[in-house]
Structures are given as C-alpha cells and as structure tokens.
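We call the chains A, B, C, D and E, going by the order they appear; numbering starts again at 1 in every chain.
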Amino acid sequence: MLGIVLQQLVNGLTVGGIYALIALGYTMVYGVLRLINFAHGDLCIFGAYIGLVALGSGAGSGQSHLLLVGAAFILAAVVVAAAGLALEFTAYRPLRKADRLSAVVSALGASLFIENGIMLLWGPQLKVFPSNLLPAMHWTFGGARIDLVQVLIMLGSAVLMAVLYWFVHHTRYGTAMRAAASDQDAARLMGINVNRVISSVFIIGPAIGAVGGLFIGLYYRQVYFTMGWTYGLNAFIAAIIGGIGNIPGAMLGGVLLGLFNAFAAGFLSSSWQEAITFALLIGILLVRPSGLLGERVAEKV
Amino acid sequence: MSDGSVGHSMRLLEVENLDVRYGQIQALKGVSLRVEEGEIVTLLGANGAGKTTLMRTISGLLRPRAGHVRFRGEDITRVGADRIVRLGISHAPEGRRVFPTLTVAENLMLGGYTRAPAEAAQSLKQVLLMFPRLEERSRQLAGTLSGGEQQMLAIGRALMAKPRLLLLDEPSLGLAPIIVRDIFRALRQIRQQGMTLLLVEQNARMALKLADRGYVLETGHIALQASARELLESPEVQATYLGRETSSADGARQQP
Amino acid sequence: MSDALLRLDGVGIRFGGLQAVGDLSFSVRQGQVVGLIGPNGAGKTTAFNLITGVYRPSEGRIELDGRDITGWAPHRIARAGIFRTFQTIRLFYGQTVLVNVLAGLHLQTRQHWWQGLLGTPFQRREEVELRAKVRELLARLELDTVADEDVASLPYGLQRRVELARALIAKPRLLILDEPAAGLNDQESAALNRTILAVRDQGISVLLVEHDMNVVMNVTDNIVCINFGRKIAEGTPEHIRNHPQVIEAYLGKDDDEDDVQAPVSRPAHLAAGGGGA
Amino acid sequence: ASPIKIGVQAPITGQYANEGQGIADAVKLLVKQTNAKGGLLGHPLEVKVCDDQGEAAAAAICARQLVNDGVLAVIGSYTSGAALAAEPIYARANVIQTSDGTSDELTQRNYKTFFRNAPPNSAEALFTAGYFKAMGDKRIAVVTDHSSFATGLADAVVADAKKDGIDVLDKAYINAGSQNYTPVLTKLNALHPQVVYFSGYYTDGGLIKAQMAQLGMKAKFVGGDANQNVAFAKIAGNAAAGAVIINVPAPQDLPYPAAKEFLTQFKAAYGHEPPSIFTLTNADGFRAILDTAEKIKSVEPAKLIPALHALKNFEGLTGTFSWNAVGERTGSPYVAFEVMSNGGYKITYPPEAVTK
Amino acid sequence: MKRILALLRNPWVGAAIWVLGLAVPFGLDQTWVFIASLFAVYAIVALSQDIVLGRAGMFDMGHAVYFGVGAYVTAVLNTQFNWPILATWPLAVLLAAFVGALLAAPIVKLRGDYLLVATIGFNAIFILALDNNVAHLTGGADGIFGIGVPSLFGWQLASQNAQFWLDWLAFAAVLLLVRNLDRSHLGRTLFYIKHDQLAATTMGVDARAYRVLAYALGAGLAGFGGTLFATLMAAVSPGAFVFTESVTLFAIVLVGGQGSIPGVLLGTVLMFVVPQAFRSFAQYRYFVFGIAMVVVMVLRPQGIWPRAQRQEAKE
C-alpha cells in the first residue's frame, strides 16, 4: 500500500512540476496585465516542437545525448521567448488601454494562430519524440519507481521556480515588476520603464513555459498541436488554485494539482478525475475566492 | 542646490502652447507657463479646468497634440515618463496612486528607483523624518493606509527621487484640516531645501500663501497669471477660489 | 432617544489586527443633519460601510427606526430607506445622466422581468412614467440641460450632483454623504450647502463625512468626532469647534501667518497623531 | 459526362489524423486510377473530403454537407462514433456508406445504406477471449476509453473472457488523449494482472505500453484492433516490443498480390506506407461499390444498394469477402501479432497463422 | 458608412432582412439552406451568451453546457422515450434554465476571471458526465444518433427547407425578446450591476438574484438553441458542447460587440457561417481566424459593430 502511495506521489509530482512551470507564465502575465494569456499553453507546446526539431536534427551528429537535450532546452526557451515577445508586441501591446476582455479575445486569437500554425508547419498528426535520448536510469524506493526524466522534471522545476521567486521578490527589478503590475502610470512616474517590464514578463514566462513544454515532450514522448489547450488549462487552474498573480501560489497550485490528479485517478476514478479536479477548484474558489495564497485586498470604498 | 552649471537665464520648466485632447474633448488649448529654479508656482482652476491634464503632460504620461515642454532647456515633449523622472521631475499624482499591494517601504524604495541605492537610503532618512507615520507603517501594505497616510506616502515617494522639480497634484484632497496643515508645513520645509514646486490645489488660499506665483486655468486655457500676492488680492480670484473669507464669516478658519 | 431614526450601539469592526471602528455609538434623528468628522483613517468611511451593509460589523447593533438592521445586505438596507453617495464617485460611466438617475428608482419600479421581455403595455407605460419622474427631479437640481449627456463628459462638480440626484430620487429616509465637497471649489461647495439644507427641509435626515469645515460647520445640527475608530466628542458645531480633543486630533490650532511660515523641523501634530492616543 | 461525386468522411485532423489522411489518400488514388480508365460508367469521379475529426458532432455536420453536395457514396469514417452519428443522415438521404467502424451497433439499426468493411467487435471479442485462454492468461485488467467502439469492445471482451473462466480484475476508464495514465496503471498494477487489455486507439495504447514499462509493470499489454497503426510502436518507443495486438493481419502481412500492388502504388504516390490496415479495408469498401456499379451498370441507389447487399466473394485487397443483408462483412480471419523492436509484427496466434 | 450602419440598426430594416431570409430556400441551393439553419441556431445561442456576458457582465466561458442540456433533453426524450420533438421544447428550455440557475447561484458572487474559471470547470464536468454516460441516457462519448424530425399539426417537417423555416421563426422570437430586454427595467438593472455592482446594490438591487436570473435566462435561451440543434443535426454528442465551443461563443460576442444585436449576429456569421462556406480551406481556417481575431481586437477593441452609445437616450 505504501508503495502505491509513494508511486502515486512520484506520478503526481512529475506532472505537478510541469503544471507549475507552465502556471508561472500565466501568473506572471496575469499579475502584470490582468490578462489571462490563453496563448501561453500553445507557446509551451510550441517549445516542445522546437525541442523536437533540435533533437531530431542533432540525433545523428554524434554528440552525447545529454548535451543534445540541454541544447534543445536552450533553443526551445530562446525561440519561445522570442515568440512571446512578438506576441506581446503585436497582440497585446496595442490593447494595453482597451477593455480587458478585448485582450482576452486577442489572446484566444493568438492561441488559435499558434496552434494552427504548428499544425500547418508540422502536420495534424501526433509527433513522436525519439526514445533513448536520456540514459535509461531508474531508482526504486519503498516499492515505487522513479526514472531519470522524472527526477529531471522535479529538480528542474524546483530550481527554476526558486530562482524566479527570488528574482521577483528580492531584487529591485522584481519590485519594479510588481509595481508595474499594480499601477502602470504610477510605476512610470517612479522611472520604471513599464514597457520593458512587461516585455520581460513575456520573455521569462514563455521561456520557462517552453521548458515545461519540452519536459512534456521528453516525458510522454508525443506531442500534438492542440495539446497546448489541455496543458494550458490545467496550468491555469493551478495558477488560480494557488492564487493567480502570485508566484509561490503558481508553484503550490501546480504541485497540488498534479498530486491531486494522481490520487484522484488512482484512488477514486480515473475517468472522473478531471471532474474531481474542477470540483476541487470551484470548491477552493468558493471558500477562498483569491486562491490559497492570493491575498485578499478588500475593495476600499 | 543652485549649481552654477545651469545658466541663470535658463528656465527650469517652460511650457509652450500646449494642446491636449482626450478623444473629442480638448482639455488644454494653447497653455503656456514657466517655472524658475527655486520657485513655488501654483495652479488654480475649477474642476475639469485641465490642471491634472497639464501635470500629466509635463511628466510625460500624456502626449500633447501640439506645443512643447522644455526642462532645463531640453525639449522633453516626446520623452517617456520614466525618462523624465531621471531628468529630475517627480510627480505626486492626483489620487495618491500608491502601490496598494506593496508595502510602504517598497513604495518608498521605488521612489528612489532611478538613484543609486546609497543615495536613496540618504533620502529615505529625510523622508521618514518628515513623515514619521510612514516609519511606523513601513511594513504595512500601502492599500490599507488611510487617505492621509497615503498622501504622505505619495509625497514622500516623490521626494525619494530627489527631484529638481516636484509636481504635486491636489495634495490636500480629502485630508483632515490638521493634516492639510502638516502637509503644507512639509511643503515649506521642502522649499527651504531649495526644491522647485509646481502645485495644484483646490485650497487656493493656502496654496497662494505658500507660492511665489500662480496661474489660473479656466476650461483649458490660462486665464490669469500673476504673483501670488496679486492673485490673493484679485477680486476675481477671491470671488471664485477664495470664497471662504467672503462668503462665510463663521468658517472654521476664523476661529481662534 | 425614541425619536432616533438611525442608532448605532457599540458598533465595531476589525481588519486583521486593526480595530478600524470600535464601540461606536451615536444616533441621527428625523430631519437632522449629522456630521461625522475625524482624522484620516479614523474610520468614518468604514462606519458608513457598516451602516450601509458593505461591511458586516463584528460587534454592536445598528437600528433604523428601532428595527435591527445589523448585518443586512446592502440592497436590504436600501430597501429600509438608507441611500448613499461615495467618497470616490461611483456613477455608471458611458451612460446618460438620465439612465444613471433611473437607477435610483429601482425600488419604485413595478414591472416584472417577464413583462419587460414581452414588452407588455403596462411595462411600456411605466418606462415612460419613470423617465418623466427623473426629468422632473433633474430640473429641480438644475441638471436638466445635461440629462442626455454621458456622465463621463461632465465636470466633477456636476457628477457629484448626479450622484446626489440618484440617491435623492430613491426617496431616502436617511441620506449618507461621504465627502461630498471634496474637490469642489468654494462656489460649488456653497451650492452644496444649500442643497443639503433643502434636502433636510423635506424631512430627510442626512449623515455626512466631510473635511471641509466650511460645509460641516454650516449645515450640521450635530457633529460626531471620531479618532482611531472611537468617538472622542459629540455635540453642536459650536461645541465641537472648541472641543480641545477635537482641536488636538483633527482641527489643529489655527495658525496665523507667522506660525505657518516659521520653519518647523518636526511637525508637532503629525508626531502626536502618529504616536497614538 | 457529369461527374459522380464520392464523399470521404474521415478524421483529417484530430488525434487520429494519420488514419483519416490514409483513407482520403487511398480513395483519391483509386479515383485517379478509375478516371484514368475512363471513369465509372463513363462518368468521371470527383472526391469531396470532409474532416470529422473523429468526433460525432463534426461527423453529423459532415454528413449533412456531403449529402447536400450530392454524393453517391461516402467512405468512412475511421471511428465507429463518427460513423454512427452520420449513419442516419446518409440513410435518410439514400447515400451509401462504407466504414471500418467495428461497433456492432452500426449494423444493428437496419439502415440499408450501411456496409461495413471490417469485422465487428463481437467477433473480435470472441477471438480475444480465446487468445487469453490459449495463452493461459488467467488474470486480466481491462482499460478502455469512452468511445462507443472501445467501451463496446471492452464490455464484450469482459463478458467473453468471464465465460471462459478468466478473472477480470478491473475495468478502468481513461479519457482519450489525456496522456497521464500512470495513476490508473499504478492502481491496476497493485492487482497484479497478467495482462492489461486496452480496447481503445493506438495513440493512447502506445502511451499506456510505455508507461507500463516506466512503472516496471510485469503484465503483458494486449490491444484491440485500433492499436494497429504505424504510430503505435513509435509512441511506445523502447517499450514497444512485446505488445500484442489483435486484429486482421496488418498490410505488410497480407499475402494477396492485389494488396502488394496497391501498397506499391500507394507508396509511389505518397512516399510512405499506409498508416494501418484500415486504409486498405476502406479502399476495399470503395472498390466493392465501384465494381458492383460497373457490374449492374447503374449508380441508382435503388438498384445499387440491393446489389451490394448481395455482394458475394469479392476479391478484396484484404481478402475475399461478402456483404450480407444488414451490410455486415463476412469472412475475415483475426490474428494476434506481437510488436517487434524494429516496429514490425510477428503473428503469434492462432497457430495455423503463425509467421515462420 | 456611419449612415449605413445607422440604417441597418433600424428595426424595420432588420425586419426586412429577416423576411428576405425566409426566401433562402427559393433562391439558394441546399448547402446554403443548411448553413442558414445553422446560423439561426447558433445566433440564438450567441444572443443568449450575450445576455450573460455582454449585458450582465459575467464572464461565462461554459455556455455550451446549457446549449448541450437543451440538445440532450430533446435527444434523450425523443429517441428513448419517443416524445415528439416539439413536445420536448418546453422541457429543454426549462431544464437548461434550471441548470443555469443552479450552477450560477453559488458562483455569481465570484469576481470576473474567477467566475470564468468556474464556468470552464462546469463545462469540463458536463462533458465528463456525458462521456461517462451518466444514468445510461447520454450515450457516452459518441452521443445519441437518429433524432427524429418535428411535426406540426400532423405535418412532418422532414425537409431541410421546412426545418429552416422553423429555425428562422424561432430566431425571430429570440431577437424580439432580446430587443425588449434592452428596453426594460431588467436590462437596465443588469447594466447597473455589470458596471458597478456596489453602486447598484446600494440603490436596492439584489445583485445576486438578478445575476442568477440573467444566467437562467441566458441558459434557457441557449437550451432552446440546443433543442433546435439536436433536431437539425439528428445527432448530439459531447464534442458539440466542449469548452472550445464555449470559447467560440464567448469570442463571437466580443468580436461582434458586447450587447449589440447586429454585432453578435455578425460575429455568428464570421465564426460559424464563414467556415461552413469555405470548407475547402479547412486547413487554414482556424489559422486565419486566429489572425482575424487579433486584428479585429487591435483595430476595433469594442468589436466590429459595437453597441450604440447611449441607446437609452432615445425614448
């Protein structure tokens, strides 16, 4: 029994780590622009495709696979960050002063664009990652098995998140980001280049998300052009559970969601798992409308 | 503060023929004004006259349709707000606009965002001396401060940039009489430190008593400009902006 | 006490560790104008929010006409006859003055929702009547010329008046005004004084928060001064004006020119306020 | 002469896109060949393709559109669900439909216009239970998605297996495409099954096989007919070898010369092999319709449909078959084959079919 | 251009266009008749979404649920209990409205984006319930097929044309309802709540009750669209009511223009009719759509055809 619980813990933490990485992008953009960037999930999956290209093209070049994988991560992060920046410039910046919902629709449009762009570039069928990219190592403890990809996912996400947290909460630039998040004009009056801050959010979030996307590719070894929605939605839920706009919240939400998924599927019902997840989400919202770590700033009247 | 590098003939701030629109509404029409180094200039005007609009245009938050803003001889009309701060203009905006989800300390720290940390720390000491309440509340989220406390924070935050020119938009709005006085005292202190001030106030009497010169803005254009003393004595100004003394002989201010 | 319209009895609320309002008791009688004053952050707006149901008091009792209305939702409080304006204006921007003021007639509207959907003759007739009522009031408040303008395009002073009209048309028993003179120049605030007195003359009680002593001292029958959420003085304007604690905490000593111009290294009152009483 | 329109309703996009494209490609290839020979009864053929995404809702719209386009016959869809949703619409409009959908319901609703080009679930389930028995598998866990095909097949397998005295430990549902199956597999593993039987489609089947390996599960993977697709082995990766699939023989294992010729032509035209046997079964459905129309010299539904119901011993690419009165394809042998590490298949059961 | 728009806004011009629409089966081929029916159905659903989103200001991204409830009520009652199609109408509408009210009641107090997430959740749960074939009524992932045709006074509306006319009539009824809403106390109250809930409640508006009412109304109309959809398609399946459909409905309202009837209809044309008409570009369809959505929002953030400013002014 303990073995099963441990195994489910491993299962959950793996997926949770991926969710958390993607959730960070949602939360950062939301924090600064109050915008649900519906295109974020697609950007992340775009990252997986870019990684796939790198891995596919380098496969015969005789490099050690680990190096190749590392290069794929960097390439994916860079390309997706560039895409994020381009997205911000074209789809969101012109709507900075418009109604919030206009930007949401623009984001939905961007999502369709990216998703179907991927389809046009890579075709409407599943794409499969090469196997054997990573050494087939695994460890057994207490009846549970964990393999190298899973360890990499957990470690990678933990480190990235910690760095990001430190950056946003303990550096001047991070404080400036939070200031821009709360009042852009006032931030300008402090000498903060708000446009640059927003751009940096659209660089950091997608770059981290691309890492998450590539982890998906390495772990499940199949990607599909509409997958951005599924993962994006889950990550978004994670961000909400944790308290959207809040970086530790995104991490907490992602991990909780992953664990919850695993335990719900493993012990309750695999086919109702998603419903149980949403029920949890709605329950949390009703009890804590701003998520677990979201601070309630009551509206002053 | 009077460094010789700035030629004496050079105006600190010069606004020339400014036109600003919000969509169809023309908020400013051909507004010109100037502020000399070390002066306190006040801007009077009814609601909607365009005072805030003028301030926001100077600090770069709004782009004028036509006209120029020059600061120390340099044309800053098209310069972004964040760069203008670096040039030496600080703006404590209307409605305080503190960062509600940041602490008081973080708000102040951002006020000195453009400066070296060590210099900013120096200014912080002075600001906290001027507004001790802010020191007590330094870890509180700014959004939960009362209106007066927020106003102190907004002024303190603007001072953190150690500006040459401080723009203050209605610092006394919604504040208790006693606080209003405190704030004006603080403003006097600031002036003694040699800072230049452009002040918008509904409380015309107090503003004119503090200022050297004043402008009266009416529906987007300058209707009157004169020394503060002249304005105080002008019948038009008295009728519209200084009603307290003439209309209500029993106003609070007349009490011993 | 039996003729009190509104009565607060030991009302208080905490936000986290902060007692924003504590043990507050006072009452407003029929046809009275009562002023609530106090330093910034004293809890005046919070008290209004407690009375109008925006916040729920954590202790104490609020009565209207002897009926316990503590903890009622805002719309029920409105039904009981209390209407308000806000410290920062809250109008429905992008709509005309007329439509804004129509909101005040919500409780006097008789049509059912399905009648609206079907467009029954009764519903159409009522819509015409409601608009006529609004125009009538707008004329009285000299707002008729702007009735069809978007409120967003109006100067601030007029916006305040529209907000007042919206509350007045609802036939309040008690009207609550949060800093109605903020940002008005002296001419405008003198006009406000006249309006408040006219409202009172119709038998409507008024409770107002205001920092402009020119308004407070001239229109109120009774003033309650609070500090740190607690009442420190209550009485006629005359009484309050000379009340040492009120002067100390709120009004300040009236300074003559010299005093103001003298350099003050550390403002005494600020220090006193910050130190807590 | 005015063209005769042929519809293709298939998942051109969606999870099963490569199957849908395979069907569309096969039909286009046959149409090209037919037109090169002068068309059908002197009329050129024209193809109308509609993407049903493997989705019942989209399928109903496709059916409406193809009917409005005035097609004579529709080839497809790949999934039973999409075929089922479209079936009544074609029936009302008297449009012939041939599909590889194996859900038994397709032939149970008495629509005269439907012709199945693959054998039904009930036959497959019976064969599968027999396979378990022959292999000595006593403890099986069943996994299915929610499609009518997969649940139908899973239920039938469970029933038949129980009749054979096999212990069915659990029947678990997954949501197709959700990828994260380790939680449910962990749960099943705790029951120590000898076999995990999966009745759904290859995209999930390959992943389940891979995740079983990741969890170190000892159970054997056995998949239903919808797992036969070139992508299965790619998705399962290192873990693919040893998976068993139950279906009619795969394209490369077809002994018939006609099949070999078609495969060569297909490869020449598109640069790759067909994704699965279902490209060929659908081609067979289409070929049978063309052939019958030529024989009776008519494309009148009133004449063509009864003629198709009487189709006997048609020489298909996938073997000789007939259609009975309800449009059921009769006469196709099942086999069980094992996936090899190079992605090829090795037939392991029944003994008479075993590849040497 | 302004003048043309103003002209098109005139109700008589709208009525004339509607009458012209009645003639579609005489002038155009069957493909277009089907597309026109589809338009009528989706227009009803989009208008109902606009009640909740554009008028009451609730970010509902799960509106396909109520569309689905209506469709499934008709499908189940007709195929499994042999109810005539028209007899299922009232139940489809009422049940959808009821479900809407029930789901909305606990969540209407949530702020914008949180409400949006909760409604996405409803949509996901709804689909799973359908997939899991709850109560063995919904037919699982592949849904229900073979829904019958409506009959009126013993006359079978079997032809595509007859169905079109039925849908077109229903569409007119819904249009009238929505137009009346705009002129009523209810419509105004929803506007107040959308704009400033606190200010509205202090005027005596029970915001929660009104929001639930708006939700029920929107859900009921969506359910009406659903029952028409089930009949038109002769099949229902979860795929027609998934979250992405909700997203499309949501986008229609904003691309067209919140609270603007012509805007929403235009949005419906763009998102549902154009794709049907350009089937041969299927591959590029959503790609182009995506670009179009961004471009429209950037150029016209209020939507292509925004609500007339201050409609209320003219009495």
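Some points to look at:
Going forward, a contact is a pair of C-beta atoms (placed from the backbone, for glycine too) under 8 Å apart; a residue touches a chain by one contact, two chains touch by 3 or more.
These figures come from a predicted structure and were not determined experimentally.
Both chain D and chain E are touched by A. When chain centres are defined as mean Cα coordinates, D lies farthest from chain C.
Here A-E and A-D are compared, and the pair linked by more C-beta contacts is A-E. The chain with its Cα centroid farthest from the Cα centroid of chain E is B. Averaged C-alpha coordinates put the centre of chain B at 29 Å from the centre of chain C. Taking the mean of the C-alpha atoms as each chain's centre, chain A and chain C sit 48 Å apart. Inter-chain spacing, taken between the CA centroids of chain B and chain E, is 52 Å. Centroids of chain B and chain D (each the mean of its C-alpha atoms) stand 77 Å apart. Of all residues in chain B, those that touch two or more other chains are 144. Annotation for chain D: residues 12, 146, 173, 175 touch two or more other chains.
In chain E, 128, 131-132, 198 are the positions where the chain touches two or more neighbouring chains simultaneously. Those residues of chain A whose C-beta lies close enough to touch chain D in the complex are 3-4, 7-8, 11-12, 14-15, 119, 123-126, 128, 130-132, 136, 138, 140, 145, 147, 220-222, 224, 230, 261-267, 269-271, 273-274. Here chain C touches chain B in the complex through residues 15, 18, 37-42, 87, 153, 155-157, 179, 182-190, 211, 213-214, 216-218, 241-242, 249-252, 254-255, 257, 260-261, 263-267, 269-271, 273-274, going by the rule given at the top. On chain C, the positions that touch chain E within their shared complex are 52, 54, 73-75, 77-79, 83-84, 86, 90-96, 98-99, 102-104, 106-107, 109, 111, 113, 115-119, 123, 126-128, 131, 148, 150, 166, 170. Those residues of chain E whose C-beta lies close enough to touch chain C in the complex are 176-177, 180-181, 183-189, 191-192, 195-196, 198-207, 213, 217, 309-310, 312-313, 315.
Residue ranges of chain D in contact with chain E, taken from their complex: 12, 50-51, 53, 55-61, 64-65, 68-69, 80-82, 84-89, 92, 109, 145-149, 151, 173, 175-176.
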